[in-house]
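Quick notes on the structure that follows.
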């Protein structure tokens, strides 16, 4: 059976990735999950920490964003499915950027968010093959798509 | 020896996929077969069942079609050969859609149908590298193409 | 203002293409429309007529289908938008094939059909950016998309 | 001299597009500008208005988002340069989606925003070839890039 | 009406290109024809003549082949349709190379040759959308494909 | 160490493929070799034998050429390096077609032929990264390219 | 007759671009020439001048390099032929970068340099379809390639 | 965990590749490293040695450059990340060519050089996602990107 590659983009302050990983494991789905670095502080500091400090905040952020891009773009390009989760805090423009990036590459896009975000996310949802509200739904989609099992 | 990926699209009401799988196994062909979900009811209901009910038939179908597309497009893109089977019932526009999708991606296309369907399928057949009438012929093509064996 | 290329695929027995062309003209939309050869008999006979007769129906059809493909694939590849119309007669697998071909190339797909065909066309509709029931709706989409005009 | 295609994505509540258009005109730059439909209400309503009303807000938005996508994706794909403007209101996930879409297609990306947004936009800025704070800077970039003129 | 680009590859010792050009003109077809340099001697000598003499025949030929490739590959890539003519003399491996090159790029391929060459050209013909025996047939294909006219 | 995929196209009447395979084995090169079906008779007959007899030689050949294309195009697309051998007999247009096909896909092309064929093969050689005269040279190229060993 | 697009990359301290432009004009060649900004100082300063000063030399250069890339990458992507000139001064890594960029995009590459640079430029020359020593040779290549004229 | 492919291009006279390999091993990073042949003499001589001597230096170099290209282009195309090192000697145009080639293919580019080279390398650095000064920094980038570990 084909092993599927699934990239989990977006919100990093709740345990939705673990829920999906555990659900996939419970159903023994052949999936390789990948994700951005979810340690917020490391993700912010990596550029300047490794490549040298910066006085200006812009370049501090710029170096970090590009080091992170080495990881995120490579893994999105390797993915069959890209799941993007929007939470209720922060601007999360990087999540929407990833969704656009994945859409332009023709990846299967699943968006995960609360119904309260439907209107501002309509363009992102419009590019998706599924719009879910819970991690459980994402697991059930993966289960159906990969193994053909539909729990009734 | 290279392992070949073969996607079996189209008709889901006869056992043609099993015939091809068994024939390939009998000849020990190194093939990974894949296919859409062939449980008709699950395939119709998956969207609304997982992601929430819909009053309108259009959106009920729409959600299901897109969840299925996560599977079908990914597997067609991974395939070396796409076999599309047309039966004698139903409109089967999804089968013809898959054939067009595979053709545009440059996949090797094999079409499988009764000679009585030759005229309405002429554009699909025109894009194919082989037009077969029986599952046995598809097996023999795979056997010849992969192992170079031609039974005389 | 950009000139848009719109390919009109599918049903050839009603005047839906003329309706769309006239509607676009009435709104002075900068559109180059293209389409398959819509003379049914010429479309069937072109291969054998130009390149030599065939005894077998299969090859007669095959030659014709391929000559038509020179036109249809080139024009679909040049198009920004592909409109595919399904009518209530015939199998119309070539229309679904064109829809799949256009989808795989990333073209903006508009499907035009009667609501009675919603279920068998769900996979085709699922790949579309708009599903219309009338030619007037297609004209209004083009008008909005190209000139930003929304008649209220 | 080559005519350049520049798509102006993002914020629709200030006159930044006009400023850039006027600046380009003042310098006689050979540019075709394009943009999404900037009439907010029309942009929200187009799907349901043209293709039929919807009870559920999700599908109302979904139909509109997809009709708009016919315009936006086509014009982004035709563009040489994509400028994305982020303002100080709203979530603007569609702007970040466009930036990701443009980046994945290899377009030259210019991001335009106030320095106060630097941190949340760092991934978007990291994919850009220029990050500007004012419309005048975008005009000067176009002037330099297209005509080689650098005002000192 | 769309202007079509047609590249005429292969045999350079008969006037088949002129026949096709004249036929297209007689039917007022909107076609831009292109072709390799058909002056055999210039085509052989161009590399060494422009870029400097070579003692070894291999490098003399090599320089010429590459200078010609600047023309031929560019024009094949710009073409909608590639017509490849095989005559009864010489090895004509460059014609078969062009056919393979065009096929891999997804161009519509028309092959033109005498029926006596059917067996050795079967792989080339197998990749073509039309196999013609006369220049008149090629003209009639272009006429049908571009204008939809089928002379009966 | 990366495993390399090498497709061996062209002449089927001498044992050059075995020489290369044995040479690669002697140097323990990590290479997966692939090739067309080299049983000339099977290669000619496969289409009609599997899919049904044909009265016309053209269609007999056509069916066979397309069944072979399922194998050859798939394996060329999977290859890192394509070696094309031209012998002193037959027209070998399929070999030149494969070379053009491989070149357009950006594969590394090695051409193998006697110096007496230099002039008619100049366009094919012009697209190659190496032009060899013996199977031993091809083995030494693979050895150097893959393991960095240059026997002096 | 097709208009050709030719990008002139590399050395900016001699008048080689003018020589080629004048030669092309003298032969009435249908060519659109393009080039980087050749005002060295403007090219260095454009980033910081337009987008704001930088204390660190690295970021000063970085901003300029990216603004220039908006021009150079767009024009290289639009070009049919890329000519890269290496002079006898400076490191000229941007010229070699452009050559690699053009080669990966499959552009026809012409390299122009003194024979004294043959050894260090061997990888760049190896990717080229012509290696010239004088501007006159480049003009003669364009004349031959575009109009088929070979001055003897 | 995904295995990453990293190509190490450029300078061949110091042990920077070993430093990176050892650092990656120390952190147990799942990386397949690849590189050009780093034996300078073999790299210069391989073409003429294997394929036959040449009197002219240009063709001697040309044959070698192309044989090396079989290795380098294949491995760059297989890589997720391309690291390019510039040293303080030689012209190193092949390193800059590789950087341009990798950038056009959309690879994640890391450039490694002394700060004294910042100005002449600004265009190359401008295309990179990270600019490092030491091998240790490259190791730390790989460690962070692949395992998410940031040593503080």
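Chains here go by letter, A, B, C, D, E, F, G and H, matching the order in which they are written, and residues are numbered from 1 within each.
As a working rule, contacts are C-beta pairs under 8 Å (C-beta built on N, C-alpha and C of every residue); 3 or more make two chains touch, one makes a residue touch a chain.
In this text, all values refer to a predicted model and were calculated from it rather than measured experimentally.
Trainee: If I rank E-F and C-D by number of C-beta contact pairs, which comes first?
Mentor: When C-D is set beside E-F, the one with more contacts is E-F.
Trainee: Which chain maximises the distance between its CA centroid and that of chain G?
Mentor: It is B.
Trainee: With chain centres taken as the means of their Cα atoms, state the distance from chain A to chain B in Å.
Mentor: Using C-alpha averages as centres, the distance is 31 Å.
Trainee: Return the distance between the CA-based centres of chain A and chain E, expressed in whole Å.
Mentor: Inter-chain centre distance comes to 49 Å.
Trainee: Determine the centre-to-centre distance between chain C and chain F, using the mean Cα coordinates as centres, and give it in whole Å.
Mentor: About 41 Å separates the centre of chain C from that of chain F.
Trainee: At least two other chains touched by the same residue of chain G: list those residues.
Mentor: 66, 69, 131
Trainee: Mind pulling up the chain C residues that touch chain B in the complex?
Mentor: It is residues 57-58, 61-62, 64-66, 68-69, 86, 90-105, 115, 118-127, 131 of chain C that touch chain B.
Trainee: Can you list the residues on chain A that touch chain B in the complex?
Mentor: 2, 4, 80-81, 108, 110, 129-133, 137, 140-141, 144-146, 148, 150, 152
Trainee: Which of the residues in chain C come into contact with chain E in the complex?
Mentor: 32, 34, 37-39, 42, 45-47, 49-52, 63, 66-67, 69-71, 73-75, 78
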